[in-house]
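Each of the next two complexes has subunit A plus one more chain, namely subunit B in the first and subunit C in the second.
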Partner chain A sequence: MNLKDFLAGLSDFWSEFRRDKAGLIGLAILVVAILAIIFEPVIVPFKEVNSKWRDINYWEDNSSGAPPAWTNAFSSEKKAVTTSLDRPRKEEIEGDGVSIRRYEFDYSYRYDQPPLDVIFRAEGWGTFPILVSVERPDGQVIDLYQYVAEGLDGDDLRVTLANDSKSAAYQFLAVNASEADMANYDSYSVKPMVIMFSEASPSMATAPVALTGKYKFIVQTMVMSEDVRIDNAHFTVVGSVSGILGSDTGKRDLFSGLLAGLKWALLIGFVTSFISVLLGVLYGIISAYFGGAIDSTMNFIYELFVSMPVLPILIVISAVFKPSIWFIIAALVVFSWTGPVKTVRSMAMQIKEETYIEAARALGAGKWRIIFKHMLPLLIPYSFASMALSVPGAILYEASVSLLGLGDATITTWGQILHDALSSGAVLNGLWWWVVPPGFSIAIMGMSFAFIGSAMDKILHPKLRTR
Partner chain B sequence: MSENKNPEVLLKVENLKKHFTPHMGLAASLGKARKVVKAVDGISFDIKKGEIFALIGESGSGKTTTGKLVMKLIEPTSGTMIFDGEDVTSIAKKQLEAYRRKVQMIFQDPYASMNPRFKIRDVLEEPLSIHRIEGDRARHDEMIVKALEEVKITPPEEFMTRFPHMLSGGQRQRVATARTLILNPKMLVADEPVSMIDLSTRAEILHMMKDVQRDLGLTYLYITHDLSTARYFADRIAVMYLGRIVEMGPADMIIDKPLHPYTKALIDAVPEPESGKVDVIKELPISGEIPSPANIPAGCRFHTRCPYATDECKTLPEPELEDIGGGHMHACRRWKEI
Partner chain C sequence: MYKWFALKRILRGVVMFTLLMFVFSALFNTVSEKTQRAGIREEVAMKVNRLKDLKPEQIEKYRADETERLIKMYRLDRPVIERIVVRALNTVTFRFGNSTIMKSSGGSRMVIDIIGEALPRTILLFTSAIAIELLIGVYLGFKKAQKPGSALDRTTSIVTMVVYGLPSWWLGMMLMMTFVYAIKIFPSGGILSVPPPDNGFLRLLDVLWHMALPMITLLLIGFWGLAYIVRNIVLGILQEDYIMSARARGVPENKVLFGHTLRSAAPPLVTMGLLSLLASISGAILFEGIFSWPGLGNLYWVAVQQNDIPVLLGDLAITTGIYLGGLVFLDLIYGFLDPRIKVGGKA
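This part shows the complex of A and B:
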C-alpha cells in the first residue's frame, strides 16, 4: 500500500467520520488537548509546575485556596486578582563611587477588596541596603520597609509587605485617620494592605474606601561595590482570587496543575490502550488461527485475566510497590489486553476460513506470514476503534489509583489533584474549583475518546451502524 | 498400472482415505460412539505426465477433499501418495515447501481466492516471496508480467496496480492461474475453476488453461461436477460417489459408453440445448440426495439410489474397480445386465 492509496483511504474514512457529530466533538476535544500540550510551555502560568508541583517554596508567593479570578464577574465586591509584576523600569543614578539603583513596578488597582499581600522577591549578591516604597494614585509616597541585605550569594530576597510594612502603614494611618479611630489600633493590629489601597481620609481606619488607579512600587538600593547584583526582581500581588482555575490550600495554581496533568492523562491513555490492544489483537488472532488445544489453553488464560478484579489488584500493587507511572501503565496493560480478544478471535475465525487464506497456504505461506500479512491488516481498523474505546478506562484507572494516594509521586495527574482535594477537605470547605475541574477533565477526556471510538466503530464495523 | 511399469506416471494415489472426526462436547462423547465422516474412503488413481485428469461427482462426493489431500492442505487418514517417484504422504516441512513449488491449486471462487487488500502485483509476488525466489523488484516485475501474459491478461502493467475487486470473474481466474504458474509447477489442481464464471467466458478460460497446459507441459487434476466441460477438457475421467471412485477411464469412453448406473444418471442429467429438447425435463433414473458420508450404506454404497439394485447389491461386500480393457474401469456388479 503506497502513500496515495493510504491518503485516499484516509479521505474516504474522513468523509464518513465527519457525518458523525459525536465523533467530531470528540475529535475537536482531542485536538484542543493536543494543542494545549504542545503549547503548554507558553500557556502555563507557572512554568516550573512539572518539576515543582510538590515544592512548597515554589508556591509560597501564591494565594492560598483562592477561587478563580473570573468569579469576580459574579460578585458585587471585586477582589484583587493575583498578579505578577516582573517588568520593572530600571534606573541607575550615578554618584561618586556609589550609585543608586531604582526599580519601578507599575500596578493598576481597580478592585474593591485589597490584595492579601504584596511580595517583593529577587536574587541578590553582596551587601546592600534596600528600600521598598509605594507611590499611590493620589501622589502620596509611603516608604514601606527598609533593611540591609548582608553577604548574599544568590540568596532569595523576600519582602512580604503584609507583615514587613506594618509600622509604616501604622504611621500613614496615624497621619490621616481620626484620633478616635486610632485609639483602637496599634502597629500590630493594623492591616497594611487595606491602608495602602484605601483613600486617605479621617474615616479610613473604620470605613476604608478603595483608592483605584495606578500604583507604583519602588525598590531602591545603594550599590557600593562591584559585586552587588540583583537579579530577577519582581513583585507578586497576592489577591484573594487567583488565576483561571484558582488555587488550592497548598497555594498551588490549579490551572497549571491541570495542564501538567493533561499530558499524563493522554500518555497513560494512549500507551496503555495501544499496547494492550496490540497484544489483545495478536492474542485473539493466534488463538483463532491455531485453534484446538492452543485455542482452549489461551481461552483459559484469557478467562483467568478477565475474572480478576482489576482495581483491587492495582490498589494492592500500588500500595506495596509505590510504583512509577510506567509501572502503573504496565500493570494496566497486564489487565486490559483482554478487551479486544473475544471480538478479534471471532473475527479471525471467520477470516481464517476465507478461501484466500487457504490459497495462501496452498502457495506455501507459513503461519506467521498468514497471520501478519493476511489476517492482521484486516483487523487493523477494528483495532483503532478498540484503542480509542479503551483509552477512557486507562485514564480512569490511573485516576482511581491516584485518588487513593497511590500514584506516582514524581508527576502531576488529575487523580492526584483530586486526592489532595479530598484529603484537604476541599469538598467540605466549598473549594469547588479544586474538585470540579480535574473531575470534569477526566470525564471530558474519557468522553472524547469514547465519542471518537464509537464513531470509528460505526464506520469500520458496519454491522453496528444504526442508519 | 503401477509406477514401475509406467514411468510416465506423475502422481500415484493408492487407497487414500480421509475420515473426519467431528468435535464433540465431553458429555456428548461419553454417551455414544463418535460418528466418523468418511469424506474420502479409499481411492486409487494415477495421473500421467501431461495429462488432464478429471474428477467428477456431486457435492459431497469427496472430490474437493481429494483435491485438498493432493494439495497437502489436509493430512490423509491412510493411504499413500507418490509424486514424481517420491512418497509425499507425510513429508517434513522442508520437503513440503519443495512440493508446494511443484503442485499448485486454482480455487473455485475467483472472488474469494485473493486477499481483497492485495493488488494484483502483490497477489502475484506472494508466491515469489514465500519461496524466496531470487531477484529484486524489477526482476519480480518481469516474472509477474510474463505470467500475466501467459494467461492473456493484457496489458499486464496496467492490471498490476489494480485490486481484485476491479476485475471480472474471468480476469480473476486468469490472475489466479498466473499466480500458480509463476512458480513453474509440474501439476495444477483446479477445483471447479469455471463453475463460478459466466457461461460466456467459461470456454475462454478453459481454452486458456489448455493452452497453458500445452505450452508448459503441465499436468492437471481437474475437479468438477460438470460433465460437459470435463469431456471437452479432460483426457481421462474418474467419477466419484460418496468417497469412492465408481468409474474411471478415457473421457470419451466414459461419456459415450458409461457402465456404472451413477455415471449414466450424471450424463442423463446434462441439459441439452437442442431445439425441441429444451423444454423436456428428463426423467432421471435416480432420485434423492447423496447419503451422508457419516452414514455410508452397507454393501454397494450406491444401492439406495440405484434403480437396478438387487438384494445382492445391498448385502454383498462392495465391488472393487474392475478393468474391462482400454483403461476403462467400473465398480458395478450388474454392469452387464443393465
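This part shows the complex of A and C:
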C-alpha cells in the first residue's frame, strides 16, 4: 500500500465518517482533550501540580474542601473567592542609611461573606522588620501584624492574618463597636477576617455588614543592609469558594488535578489499546494462517487468557507488587490483547482462501510476507475501530485499581482522586465537586471513544447500518 | 451426544482452572511464602509466651525446634517447584489456610469460611441483577432491531455509547450521595440493618431494602450494552430470506420476532449476552465496596486495606472459579441450543 492509496483511502473514510454525527462529537471531544493536554502548562492554575500533588506544603495556602467559585451564582450570599495577589506595586523610600521598602497589593472585595484567611508569603534573605497593614475602602488603615524576620536564607516568610492579626483586629473592634457588644469579646474569640471586611459601626461586633470596595494590603520593611532581599512576595486570599472545580479537604485544587489526570488517562488508554490490539490482530492472523497444531495451541493459550477475570487479577497483582504505572499498563496489555483475536481469526480464515493469496504463494512469497503485506493491511481498518473501542476499558481498569488505592503514587489519575474522595468521606459529606468531575471525565472519555469506535464500526460493517 | 460434549467441556474447565491456579501460585509464590513465614513467627511467639518455668536456653531451643517443625509442616524447606505445586493443589481443593487478620462473622480465621460467607450474598445480588438485565436487554434489543433507525433505536444506541465507559462504582457513589445522604431514602450500606429485624418476613424486606440501590445502579447501566449486542445479532437475522418469506406469508410480526428470529438468534445471543454480562460483573466487583455489600467484591476492598494476602488470593481463586464456571455453563447452553456444536464435540 503506497502513500497515495493510503491518502485516498483516508479521504474516503473521512467522507463517510463525516456523516456520523456521534462520531464527530466523539472526535471533537478527543481533539479538545488533546488540546487541553498540549496547553496544560498555560491553563492549569497550579503550575507544579504534576510534581507536588501529594506535597501538603505546596497546597497549604489554598482553601480546604471549598466548592467551585461559580456556585456563588446560585447562592444569595456571595462568598469570597480564593485569589492570589501577586503583582505588587513596589516603592523604595530612601532615608539616610536605611530605606523603607513598600509593597502594595490591590484587592477588590465585592462579596457578602469574608474570606477565611489572608496569607502573606515571600522568600526572604537577611534580617529585617516587617509590617503588614491594610487600607480599607473607607480610608482607615489597620496595622495588622509586625515582627522581625531574623537571619533568613531563602526561607519562607508566612503571615496568616486570620491568626496573626487577632490583637490588631480586637483593638479596631474596640474603637468602633459599642461597649455592650465588646463585653462578649476578647482578643482570642475575635474574628479578624469579619472585622477587616465589615463596615466600621457600633453594631459591627454583632451584626457585621460587608464593606465592599478596593482594599490595599501593604507590606513594609526596613532595609538596613545590603544582603536583605525579599522575593516572590504575594498574598493569597483564602475564600470559602475556590477555583473552577473547588478544592478537596487536602486543600488541593481539583481542576489542576483533573487536568493532570487527563494526560495519564489518555496515555493509559492509547498505549494499552494500541499494543494490545496490534498483538491480538497479529495473533489472530498467525493462528488462522498456519492452522493445524499451531492453531490449536494458540487457541488453547487464548482460551487460558480469556478464562481469567481481568479486574480481580489486576487488583491482586497491584496489591502484591505495588506497581508503577508502566507495570500496570503492561499488565493491562497482557490481559486485554485477547479482545480482537476471535474476530480477526475468522476474518483471516476467509482472507487466507482468497485467490490472490494463492497467487502470491504461487509466486513464491514467504509466509511472513503474505501475513504482513497481504493480510494485515486488510485488517487494519478493523483494528482501528477495535482500538478505539478498547480505550475506555483500559482507562476504566486503571481507575478501578486506583480507586482501591493501589495506583502509582508518583502520578495523578482520576481514579486516585476518587479514591481520596471516597476515603475522606466526600460521598458522605456531599462534597459533590470532588466526586462528580473525575468520574464524569472517565465517562466522557469512554463515551467519546465509543462514539468514534462505533462510527468506524458502522463504516466497516454496512449491514449494521440503519436502513 | 450431548452428555459427552458436556462432560468434555466441564473437564476442560476443570483443567483450565487447575492450570490457572498453577500460574497464580507461581506468580504470587514469594508473597504468600512471606506471609506464611510471618504466620509461623507469630504462632511460635504465642506458644513461647505460654511456656512457664523454663530456662532461657530451653526457651531458645524450643523456639528453634518449633519453628523448624512448622517450616517442615508448611514445606517451606522443600524446593521452590514443589512448594508451588503443593500450593496450587491446595488451592484447587479449596484449602486456602488461615487469614492473617480478617475473621468471619463466626470468628473463624479460615479463609474458606470468610469467602463462603461472602459468596451467597454476591450470588444473590448479581443473579437477580442479571435476570432482570437479560429480560430488559433482550426485549429492548428486539424492539431496536425491529425498526432500525427509528427514534427508539437511535436514542437507545446513543445511551449505550454514553454509558460505555461509565464506571458503575462511580454511578453508585453518585446515587449514594443523592439517595442516601442528601435525600434519605436508602440505607447507607450493608445487607441488614443493625440490629436486624427478628421476624423472618421483615428480615427479607430489610434485605430487599438494602439491595435496592445497588440493584438500581447495576440496572441503570447494565442492559444497554446487552440490548445493543442483541440488536446487531437480530438485525443480521432479520435480513435473512426466510424472515422475509415468513412476513410475506402473513405471519404476525410478534411471532416472526419471538418465534422465528429468537430461535435462530438464541445461540449467539446467549454467548454474547452472557459473555458481556460476565465481563461487566467481573468489572463490577469494586462496586460492592461502595455499597459495603458484604460479598466477594467487598472482600477485595477489606483484604486490600488490611493487606490480608491469603484472603486476597483465596478470593481471587474463587472469583476465577466462578468466572470459569460461567464460561463453561455458557458453552453448555450453546451446545444445547445449537445442535451443530455438539456433533463435532469441539467447543
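Criterion: the second predicted complex is superposed on the first by the 459 of 467 C-alpha atoms of A that agree within 3 Å, B and C clash if a C-alpha of one lies under 4 Å from a C-alpha of the other, contacts with A are read in each partner's own complex, and residues count from 1 in each chain.
One rule holds in what follows: a contact is a pair of C-beta atoms (placed from the backbone, for glycine too) under 8 Å apart; a residue touches a chain by one contact, two chains touch by 3 or more.
Please read all numbers here as calculations on a predicted model, not as lab measurements.
Looking at the shared chain after the overlay, A:L311 reaches subunit C, while subunit B stays out of its contact range. Contacts of A:T355 after superposition on the shared chain: subunit B is touched, whereas subunit C is not. With both complexes superposed, C is the one of subunit B and subunit C in contact with more subunit A residues.
By the touch criterion defined above, A:L378 lies against subunit B but remains apart from subunit C after alignment on the C-alpha atoms of chain A. Once the two complexes are laid over each other on the shared chain, residue contacts for A:L422 go to subunit C alone; subunit B is not touched.
By the touch criterion stated above, A:L363 is placed in contact with subunit B alone, subunit C being left untouched.
When the two structures are aligned on the shared chain, A:A22 is found in touch with subunit C, with no touch to subunit B. Contact with subunit C, but none with subunit B, is seen for A:A399 once the two complexes are overlaid on the shared chain. On subunit A, the surface touched by subunit B in one complex and the surface touched by subunit C in the other have no residue in common.
Residues 16-17, 19-20, 27-28, 31, 148-149, 153-154, 157-158, 160-167, 169-171, 173-174, 176-177, 181-182, 188, 232, 235-236, 239, 282-283, 285-286, 289-290, 300-301, 303-305, 307, 309, 312-313, 315-316, 319-320, 323-324, 327 of subunit C are the ones touching subunit A in the complex.
Only residues 71, 73, 96-97, 100-101, 104-105, 107-109, 112-117, 126-127, 130-131, 176, 179, 183 of subunit B touch subunit A when the two sit together in their complex.
Partner subunit C is touched in their complex by these residues of subunit A: 22, 303-304, 306-313, 315-317, 319-320, 392-393, 395-397, 399-400, 403-406, 418, 422, 427-430, 432, 435-436, 438-439, 442-443, 445-447, 449-451, 454, 463-464, 466-467. Within the complex formed with subunit B, the residues of subunit A that make contact are 1, 354-356, 358-366, 369, 373-374, 377-378.
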